[in-house]
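Order as written gives the chain letters A, B, C and D; numbering starts at 1 within each chain.
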Amino acid sequence: MNTLIAIIGLGVLCLLFEIFELRKAIVPVTILGLLAVLGLDASEFNAPEAYYNNMIIVTKFSSAFSGLFIILTIFLVALGHKFYENQPSKISDFIAIKVFLLAGAVAMVSFGNLAMFFLGIEVLSIALYILAASSRLSLKSNEAGLKYFLMGSFASGIILFGICLIYGAMGTFDVTEISEMSRSAELPVWFPIGIALVTIGMFFKIAAVPFHFWAPDVYEGAPALTTALMSTLAKVVAIATLYKLITVMNAEISEGFQHVIVIISMASMTVGNIMALRQVNVKRMLAFSGISHAGFMIMTLLSTTNAAGTLLYYTSAYALAGIAAFSVILYVCKNTENEDVTNFHGLGKTNPLLAAILTAALLSMAGIPIFAGFFAKMVLFTQTIQAGFIALVIVAVINSIISVGYYFKLILAMYTKEPNETRTGTPVVIYAVAVVAIVLNIALGMFPSLVLDLLAS
Amino acid sequence: MDTSLTLLLLLAPFIGFLFNVFFGKSIGKSASGILGTLTVATSFATSVYFFMQISQTHQAIQIQLFDWIQISNFKVDFGFLLDQLSILWLLFVTGIGSLIHLYSISYMHDDENMHKFFAYLNLFIFFMITLVIGSNLLVLFIGWEGVGLCSYLLIGFWHKNQDFNDAAKKAFIMNRIGDLGLLIGIFIIGSMFSTLDYATLKTAITGTTNLNITWISIAAFALFIGACGKSAQIPLYTWLPDAMAGPTPVSALIHAATMVTAGIFMITRLNYLFDLAPDVQNIIAIVGAVTSLVAATIALVQTDIKKVLAYSTVSQLGLMFLALGLGAYEVAVFHVITHAFFKACLFLGSGSVIHALHGEQDMRKMGGLKKVMGITFFTFLISSLAISGIPPFSGFFSKDEILMVAFEHNKVLWIIASLASLMTAFYMFRLLYLTFFNEFRGTAEQKSHLHESPSLITFPLIVLAILATIGGLISLPTNSWLNEYLAPLFAKASHEAHHFGTTEYALMAVAVLGGLIGIGIAYAKYIKQNIVPEEDSQITGFAKVLYNKYYVDEIYDAIFVQSINSLSKFFNQYVETTLSSLVFGLGKVTNELGFQGKKIQNGSIGRYLFAFVLGICAIITYLFLAQ
Amino acid sequence: MNVSLILIILLVGAFATYIAGDKLASKVALFFGIAALGCSVVLLNHFNLGENISFLSQWINQPHVSFSLNADGLSMAMVLLTAALTPIIIFTSFGTEHKNAKAFYALILFMSFAMVGTFLAADGLLYYIFWELSLIPIYFIALIWGNGDAEERKKAVVKFFIYTLAGSLFMLVAFIYLYQKAGSFLIEDLYKLNLSATEQLWIFLAFFLAYAIKIPIIPFHTWQANVYQKAPAVGTMLLSGIMLKMGLYSVIRWQLPIAPLAAKEYMNIFIALGIAGVIYGSIVALRQKDLKKLLAYSSLAHVGLIAAGTYTLTIDGLRGAVLQMIAHGFVVVGLFFVSEIIYRRYATGTIAEMGGIRTQSPKFASMFMILVLASVALPTTFNFVGEFTVLYSLSQINVWFAILGGTTIILGAYYMLKMYQQVMLGETNTKAFADVSLNEGLALVLIIALLFFFGLYPKPITDLITPSLENIIKVINRA
Amino acid sequence: MNNILNEIGIENYIFLSTILFSIGVFGVLYRRNAIIVFMSIEIMLNAVNLLFVAFSTYHQDAQGQIFVFFSMAVAAAEVAVGLAILVSIFRNLGSIDINKLKNLKG
């Protein structure tokens, strides 16, 4: 709870800084603030508690994920420092929006009441709409914004409808009561329909097939930093929330529902990977790879009892790799009008370090050992086989093979092609973020237990 | 004592080889030559010593050096066995070996790589000794492959000429075909008797009854294939004539006297095994007889002096195999020895001729050398008489025994063999007359340089001629020293002096007569009528077939080499490409899918939302209406 | 003192090499390579004294993965092979200038680190991790320092990477499945499993896919020739000398003992596949125009025989296979180094452009000859020992296997001698060919010496590997 | 109030608002003018709001009505952002036909 309040306070602080013309200080202060919040969150980790008659319930789960979100936000804010340097007047707004977005995210994973859940999701979404469309003069950005907004609010409608039906069935928004009733009482049909609708809404947020169409376009159109945010933070938040929703609200998932999940997960991986093969725009490619990763993450919903740790691990691995990759992209595509692969030619020569980092990030996403990505997949497969879905795992494996295809396209571009332009300047922040992110990723790979055991049931 | 001497015997040539390889060039030609000769002479001396020893003690010497290869049911150790047979072989291998080394000093003196030549020769002797004295089949195999290697190196000694290299390659590969047979035989023996060691094997086989004869026969046959490869029997004989591409001393040493007798050695070694497989023995006998005849017929019309000798070698080896097949191992061994003497002499003689004519090998361009090359001619004459089986020369005794054995067993074989020896007499004297009699037919330039070869060359000739003359004494029909000497080797009692009656004398007479007839025809043709074989182009009819060796090479080439090459072509062009395109294909398909997928993502919000709604409906339907 | 030391040395070496910079890289790498070799020899000594040099420590709790390195005779033999070849391989590359050398040599060391790990790992997942890790460095070595047209190379290398990865991912699934059953990845627990025949079949096939691609066994070999040709000499040596041994080793260590029923059931099929590889590889090699490609196919033939040996499930088969692996490791490295030497002089791999070299460089010619003879398994060379044992084991299964597999000694001789004739013999080549330099000579002599020594006296290795192989046979015949 | 509900029956409210909701959905699917799409989305939301109220009465529980306020507020916020985006699009494109927005695809 305090975490949430603190975050919001920090957001307000950012706005105040604007008023007091302290723009220079904003980024550092926010980062410090967020670090403090992280500490706060850590302190709450072992003190699960419910606030405001169960509006917010802080659990291990929520605080662990909140921690992840905060870390990601720190990275994103840090990157913002460089990214917004040529529009200083807005920097505070952007930072503030990000912080509020974080607040929404935290609310989403620690909700105890569907109202809170709804608010959280809306805060997050609206903030994202703004960020997506944030570069006003670029039509691409606008289009991305509109697309995201239209479909997003459509999805919100669905979610809302779902919530409404649940409420209708249960007469309450309190998830604990709902789950109790869902076990005991004879349920009206609306309840499962409601659950289904909410789930679908969340599928949209994490861009699972067939609700994924917005993702590539929006990722491509939105400013790079926003894309980074969407593909890392937003996706992670959504899947975490969905996981929590499913686990909290109906303990045992019906046969049919499992089928749906399996099918959607298969479809997401396959479509995501296959579509990514022929992309030339790196952001777009990562969007599709994100879709396929969504497919992987969804697999956790099949073993709701013990997959929390796995999900946390997978998301952290994925998000950290994403951050690292995007920071390189930010550096490479700073002054280029698009983010095509051609911009990465010869990066291995011009900037070995960043090239290595990007390579590592991609390898992690591809699931090559010692990078966290590998263990994430490994553990995920283990659990899924335990749950008895070996076919799904086979499909997943085949997909990981396909995915290597496009990840390596980028690596090849960096190492075998001749550099086409010389980049100058070594932005310390980007280096720092990239290095830290990838180091964390590898550290997770070396010692998976650190995270895996965090939420071990 | 024995061990160290054995090692000396074995390693002396090897040291010579190493020395010649590393320092041969620096110490100069003659030096390296002498060194090479000395090392072999050392081995000869040692073998003589061992010979003395064993002829007193009659005790075979067993030496184990160390474990070599470990197999589940037995282990092969690196050991040597010096018994009557191996020592006998050692004697003439090293003896003739040293003579030929001596000969080569002078013969190869103009060659830039003389030191290498001697290195190879020494290496060959080393491997040959290994082959002979190995105490088990695998050590024999070392030598077996080793001599094959040396013959490869020496045939291709003048490696700038790709034809020679081809010949060398051919020899090696054909030998390898045999080697595979040998290996298979070894495998079967190994798994049947859990040993490859001669001594143990002998006890195992002779000691036990109710052995699985079928498998023994298969093993024996496999081994025989190996022998065919080394000893140039049908169907694996074609490499030997080509092997004449090598320097003449090599032909004398490897391709007449020693290496090619390895097959006979091996079969004699395992006589107790072959005795158990009568069918295989018959096959051996038949193959031997046929080979001798076929080779002899080919030799009738060859015009290259060395080719004639080569085919006569094949033919003589055929006779030996005939003897082996008839179970008369000691007879075969006897012929091996005498043959080693006179054939080495003949080759060296031809070498001396070629040397005199600066590399000319075509008999049509020779003649009348008798006057200038007295010694060569004389020794050559003796050896020819010997090979033609004219008493009292050595060849008469050995060949005669073979014929007798053949007569006892099977008249047909006897007829074939007699025919072969008749032809032998003919083509040998054809060779003799064409080379040494009448007028010189070469260029005037050559004529001017004609000379008798230096003493280093003639000396070995003389020695060998003497041996060829008196060699027969070691096994006289009535009391055969050789048979007694070899007796301990053989399971069955050897064909000891068949009571000498009229038939035997008659046979002898027939044989001698046959020889004389052959000589007579040759005389009539090449002295009386003074015919010179016509140019290749004019050869016609059956002669042409013979002249082209029944086109066997061509047939083999068509059947085996070509088919393998075309198969390889097929694999390379089709199979490989198909396989890789299959793998690539998967990637291509997925890529294409991605390409098509891009069309679906056409950027229209309407379509996206439509998919969205479809998704919702699908899920809801599945979940609630479908149940 | 335990085996993890050698891993540490190699890893540290990799970093040290990178830090040392382009100037010193090669020297530093060589130093650490030799250090690793020394270390492994010391370890061998400890091992022979009966000390326990294995290493085990908990790594991941959930799922239960432990960092377990187990050194038995087999592993030690393979480790020694790697540790011996690595410095030689590094040494062979002294003659050629590499751009960005520090990365190059660091990658070499890193690769041998991964491979040693693969040979030592006694925990399924750990093993898998090392197995995958070894793929990354060779990928970059071949990609960046390879020769030939860049696009072609890229295609070949990426194909190789994805193909091998594809295979091994199924192995991962198999391992996870086994984990479900055993509750641990530890090899001894996996050995204890008694799976149903069908399960075993699927596991066996999953493993087979991974190994058949890595070894490679036909028809999974399509990546090989191109990669061998395109990769730099060092890469090719690493691939053919050590990496493909990883596959064969894994067959013995993991595939057969874990799925013995399947192995026994379908033994003949897989033996036949291996032998088919022998014949096919030899025949395809006949018409190769590129030296390295020819060698690639020859090694396809040889490993085919080795694989056939392993699938006989007899002690002879396994022992022969291991001996042959080691022998082949040395020979093939030597031969590829020879091709590299020629490449340095003539800057071509096309056989047609060679010939008439022998007259100009007797030393080189002789050493090349010896290597050729070794690769056609002439007695007294190490290869003969291995090949003989393998063929013997095949003859025990079915004499026809031995005969067909034995064709290698005929066909092998055919294509190798043909190659030697075309490359070395004939009229003196117009292009000058300097005889081997000291470095080159040294490396070759070293290899040749080893081949002859063990050819005459394989006992040390045999004694080293036999007990562990017998254990594996025991495990295979359990239940 | 209460008895009215009983007379009409909660199902009918559900059907009604489902129909409204569907109308909104179809509006979103088939209209090309961004503004009208917005309005359709609003219809969807309001359909849900109606249902909320109905349910809250049905359950005799105020939470539902409170939630309506939430959703209204949220909707307002959404629209605010949405219109802002539309404005900037109109500035750049001179049109608000969503079919014209197809630059991002593939």
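Brief remarks follow.
We adopt the following convention: a contact is a pair of C-beta atoms (placed from the backbone, for glycine too) under 8 Å apart; a residue touches a chain by one contact, two chains touch by 3 or more.
What you see is a predicted model, and the numbers here were worked out from it, not measured in a lab.
Listed by label, the chains that touch subunit B and also subunit D are A.
Most remote chain with respect to subunit C, judged by CA-atom centres, is D. Interface comparison, B-C versus A-C: the higher count of C-beta contacts falls to B-C.
Closest to the protein's overall CA centre, chain by chain, comes C.
Between the Cα centres of subunit B and subunit C there is a gap of 37 Å. Inter-chain centre distance (subunit A to subunit C, centres taken as mean C-alpha positions): 43 Å. Rounded to whole angstrom units, the spacing between the C-alpha centres of subunit C and subunit D is 67.
Centres computed as Cα averages put subunit A at a distance of 79 Å from subunit B. Subunit B has residues 587, 598, 601, 603, 605, 609 in contact with two or more other chains. Subunit D has residues 25, 28, 98, 101, 103-106 in contact with two or more other chains. Of all residues in subunit C, those that touch two or more other chains are 162. By the document's touch criterion, interfaces exist between A-B, A-C, A-D, B-C, B-D.
Residue ranges of subunit B in contact with subunit C, taken from their complex: 21, 66-72, 78, 138, 141-142, 145-146, 149, 152, 156, 159-160, 162, 165-166, 169, 172-173, 176-177, 179-180, 183-184, 187-188, 190-191, 218, 564-565, 567-569, 571-572, 575-576, 579-580, 582-584, 587. The part of subunit C that touches subunit A in the complex is made up of residues 59-63, 125, 128-129, 132-133, 136, 140, 143-144, 150, 154, 158, 161-162, 165-166, 169-170, 172-173, 176-177, 179-180.
Interface residues of subunit D facing subunit A in the complex, by the touch rule stated above, are 10, 14, 21, 24-25, 28, 34, 37, 41, 44-45, 47-48, 51-52, 55, 58-59, 61, 63-64, 66-67, 70-71, 74, 77-78, 81-82, 84-86, 88-89, 91-93, 98, 101, 103-106. Those residues of subunit A lying in contact with subunit D across their complex are 115, 118-119, 122, 126, 129-130, 133, 136-137, 139-140, 142-147, 149-150, 153-154, 156-157, 160-161, 163-165, 167-168, 171-173, 190, 216-218, 220-221, 279, 284. Put simply, subunit A touches subunit C in their complex at residues 309, 348, 363, 368-370, 374-375, 378-379, 381-382, 385-386, 390, 393-394, 397, 400-401, 404-405, 408, 412, 415-416, 448-449, 452-453, 456.
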